[in-house]
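Here's the structure we're looking at; comments come further down.
Labels for the chains are A, B, C and D, by order of writing; each one numbers its residues from 1.
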Amino acid sequence: MTSPTITVWNEFVHERDSDVVADIYPDGIHAVIADALEEHGFETQTATLDEPEHGLTEDVLDDTDVLTWWGHAAHDQVDDHIVERVKERVLDGMGLLVLHSAHYSKIFKSLMGTTCSLKWREAAERERLWIVEPSHPIVSGLDDDYIELEEAEMYGERFDVPAPETLVFNSWFEGGEVFRSGCCYRRGAGKVFYFRPGHETYPVYHDESIQQVLANACEWAAAGENQPSPTYGNADPIEDIDTSDDRTVH
Amino acid sequence: MTSPTITVWNEFVHERDSDVVADIYPDGIHAVIADALEEHGFETQTATLDEPEHGLTEDVLDDTDVLTWWGHAAHDQVDDHIVERVKERVLDGMGLLVLHSAHYSKIFKSLMGTTCSLKWREAAERERLWIVEPSHPIVSGLDDDYIELEEAEMYGERFDVPAPETLVFNSWFEGGEVFRSGCCYRRGAGKVFYFRPGHETYPVYHDESIQQVLANACEWAAAGENQPSPTYGNADPIEDIDTSDDRTVH
Amino acid sequence: MTSPTITVWNEFVHERDSDVVADIYPDGIHAVIADALEEHGFETQTATLDEPEHGLTEDVLDDTDVLTWWGHAAHDQVDDHIVERVKERVLDGMGLLVLHSAHYSKIFKSLMGTTCSLKWREAAERERLWIVEPSHPIVSGLDDDYIELEEAEMYGERFDVPAPETLVFNSWFEGGEVFRSGCCYRRGAGKVFYFRPGHETYPVYHDESIQQVLANACEWAAAGENQPSPTYGNADPIEDIDTSDDRTVH
Amino acid sequence: MTSPTITVWNEFVHERDSDVVADIYPDGIHAVIADALEEHGFETQTATLDEPEHGLTEDVLDDTDVLTWWGHAAHDQVDDHIVERVKERVLDGMGLLVLHSAHYSKIFKSLMGTTCSLKWREAAERERLWIVEPSHPIVSGLDDDYIELEEAEMYGERFDVPAPETLVFNSWFEGGEVFRSGCCYRRGAGKVFYFRPGHETYPVYHDESIQQVLANACEWAAAGENQPSPTYGNADPIEDIDTSDDRTVH
């Protein structure tokens, strides 16, 4: 099997506006994520908000098995037309990784159908992501019962999302909150993984365990080459039944 | 506990355009559903597409515990602003029953995040809705292992919705298809039930078992009087932690 | 509707062996739970390990809508025959509340099919049970986003249970762990709720919020009066099909 | 990654007792399944009821990534000790495929916690297994929206199992019933797939689509090489908390 191709999308705003962020991600969060995924054997490309069509042209998406999405300050600058395009691809089988503050992205809210609200706090506090389902491929290769991050933004329950099909990580925060931090969904023919960590002012995406999870999630979210495509719409009966009834208003 | 108030919404188009439908539902599908729910002890009111704000004013929704939704021919005539209003109420705790062809309504697609597509056929064929979860309150009072409808429109898999939290009914069709016919969801603080039967040219809503399910579903979907309201947004730590870190771009 | 009858079962060992426990529960944990449920309007009766048939005779179970189960030191003294009897009743529709250390009870392990193992620590530490699903009746009447217990035994992930149908509470512990503390299951025609708090050396069952949850859970777990009873076994075809085939080894 | 090793278990009774079955499976159902899995690239071995320890010695299980289980006439001849051994391995990460009439096997009932009862009928009738989740790897490579079997034993709802984490197939039967035919579960660190087809008097396991599903399910159920192993039991606090409390009865 050829390696899946990952398109790493980033709004790429904070890295240009904030020295704190630029120090951690001089070439952007997307560059660090893309490098990590390449080291794990994926083909990668990046795309950012300020490119034409946000870098998410039909051609780019045609060549994307999994799209990762990081956004925070500029959710409302993402063109609705592009959001719709991405959504169609997800429902058609493209994988989607929704990262950290992208819980409030248009694409995630549209796929979830809820507000995706939560509690939050920036206090560089400790987070511990406990593994809930050891048999899920997304936690493969993790050495401990949890991933510990010394500095994290807190996200706390209630997280206003539909209950995930599989809850993979469950987070503890120093300040007293918990959060469903790794959530797997199916939407249409596509798979969606929400992964909580990733605040821009802490070096989260440099963490090897976080990179391992991202790589695992890309592998999980990519559609298999032979994934079936369901058919929809008006259908003739398969069995031999009487179809002479003509009471129809269609 | 006072009885929940149900608002029965109907686009009310076929009943005026088609003699076949008018014979079955002379005052509209909504009238038959509202009467049935009243007989089961609920307060009811009705609302239709052609009323101002489609009959779904702020006041009406303020007085609604559960909204039932029937639409088919005029989904795109429903104002986006009203859809958004209804969605906010659902996420805030109002129950929603999505009936039959309303699988393609704006409100349902928006709450599901998927296309809500399916296979369909009008052949007045037999449907049998098998009970999958006998312990769910929505099937209370059903005497048999299934509800049988002699004449139904076929809806077939794949039904492009997120997997329900609880699958209550599973339908068999004469022509060879199956369908997840009773699907329970939570969205925000609200509950949503999709119930498949209800084609306009067959007298489905006159069926006592179907009426029983509708009444059960209203009871289930209504928020309790003391349902908690989660808080969202920026949160102070509950534990005594160091909050002096000032690396923020918010 | 008549009020459900709750049978409160307790192994009733620690209260007799430990002064610390006896001070908190002089008449046993079961007495405090039964009193609380009565104040919430339920009919109650109690049963303990040392009674004949552990107090769970056919007659008692015939008169039980919901059974609550507390055990810790004497799981292996519970007769397998009685466990089997209780299990049959649950699968036949009786509700079951599994409390705290009863995660290791024979009845819970048998209904879950897993080890039901977890991490634990007795350090009188703080626990905070966050509400995950505000629309679930089990959290009705709770005033805050969480229940806080100043002194609790820690139970930590991974909790080796099947993922619950609905995760209602998610716990934070002072020492750094999280735990799925309120888990709803359907098993057969019955409903099962696992509720984490309840360590014998802290006065957990005297807490009003905990009592509220217990009452809510009894209400939720009780089968409705008209719950259907599925039929099983050899079945004649409903449709008119050819049944002349005689290749059978039954 | 090396190929997973599959152990194909069969009670191997009908093939010796019935000419009808022997004509279809002269070397046993296990031989046909093992051959098919080998053609799909797996290492395979077989084991049967009449072997010492039913062929499921510690050594054999040590060398098994996924166990497939077919039984019907002799469920109660399977030694409880071996069932317990298999269960421990599943909970420890071994995959398990439960085939057709093995719904009533001791191992499946023990892992599910329910009766696993259903309706059944032998009439060589048509079955159509509709794909419910196209994004699940178990349906990879299927060309149509369903698998059709011209001759099948009917299994009908209600199927008394816990709701699966993922429902992959949903079956239609000529005689009027439906059935959840492909059910995915996690139990402990292991994955379990129940797959309905496989009646002994019809040549179901010779069907290429059925073989494809079996191969896919083995791939899905096999634990990854780097799957984490959760730790359980008494745990020191990770955070610096006061542990001086000594109210304990442990």
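Remarks
Definition applied: a residue touches a chain if its C-beta (ideal position, glycine included) is under 8 Å from a C-beta of that chain, and two chains touch if they have at least 3 such contacts.
Protein names from UniProt, one per chain: A, B, C, D = Glutamine amidotransferase.
Worth saying up front: this structure is predicted, and the values here are computed from it rather than measured.
Among the remaining chains, those touching chain A (Glutamine amidotransferase) and also chain B (Glutamine amidotransferase) are C, D.
The most distant chain from chain A (Glutamine amidotransferase), with centres taken as the mean of CA atoms, is C. At the interface between chain C (Glutamine amidotransferase) and chain D (Glutamine amidotransferase), two copies of one sequence, more than half of the residue numbers in use are shared by both copies.
Centroids of chain A (Glutamine amidotransferase) and chain C (Glutamine amidotransferase) (each the mean of its C-alpha atoms) stand 36 Å apart.
Rounded to a whole number, the gap between the C-alpha centres of chain C (Glutamine amidotransferase) and chain D (Glutamine amidotransferase) is 29 angstrom.
Centres computed as Cα averages put chain A (Glutamine amidotransferase) at a distance of 31 Å from chain D (Glutamine amidotransferase). Among all residues of chain B (Glutamine amidotransferase), those that touch two or more other chains are 128, 131, 133-134, 145, 156-158, 163, 165-166, 174, 176-177, 186, 188, 230-231, 238-239.
Taken together, the touching pairs cover every possible pairing of the chains. Residues of chain B (Glutamine amidotransferase) touching chain C (Glutamine amidotransferase) in their complex: 93, 128, 131, 133-137, 139-145, 165-166, 174, 186, 188-191, 223-231, 238-239.
Residue ranges on chain C (Glutamine amidotransferase) touching chain A (Glutamine amidotransferase), taken from their complex, read 128, 130-134, 145, 156-158, 163, 166-167, 170-173, 176-178, 180. Those residues of chain A (Glutamine amidotransferase) lying in contact with chain B (Glutamine amidotransferase) across their complex are 14, 17-18, 20-21, 72-73, 91, 110-115, 117-125, 151, 154, 156-158, 160, 162-163, 165, 174-177, 185-188, 200-202, 230-239, 241-243, 245, 247-250.
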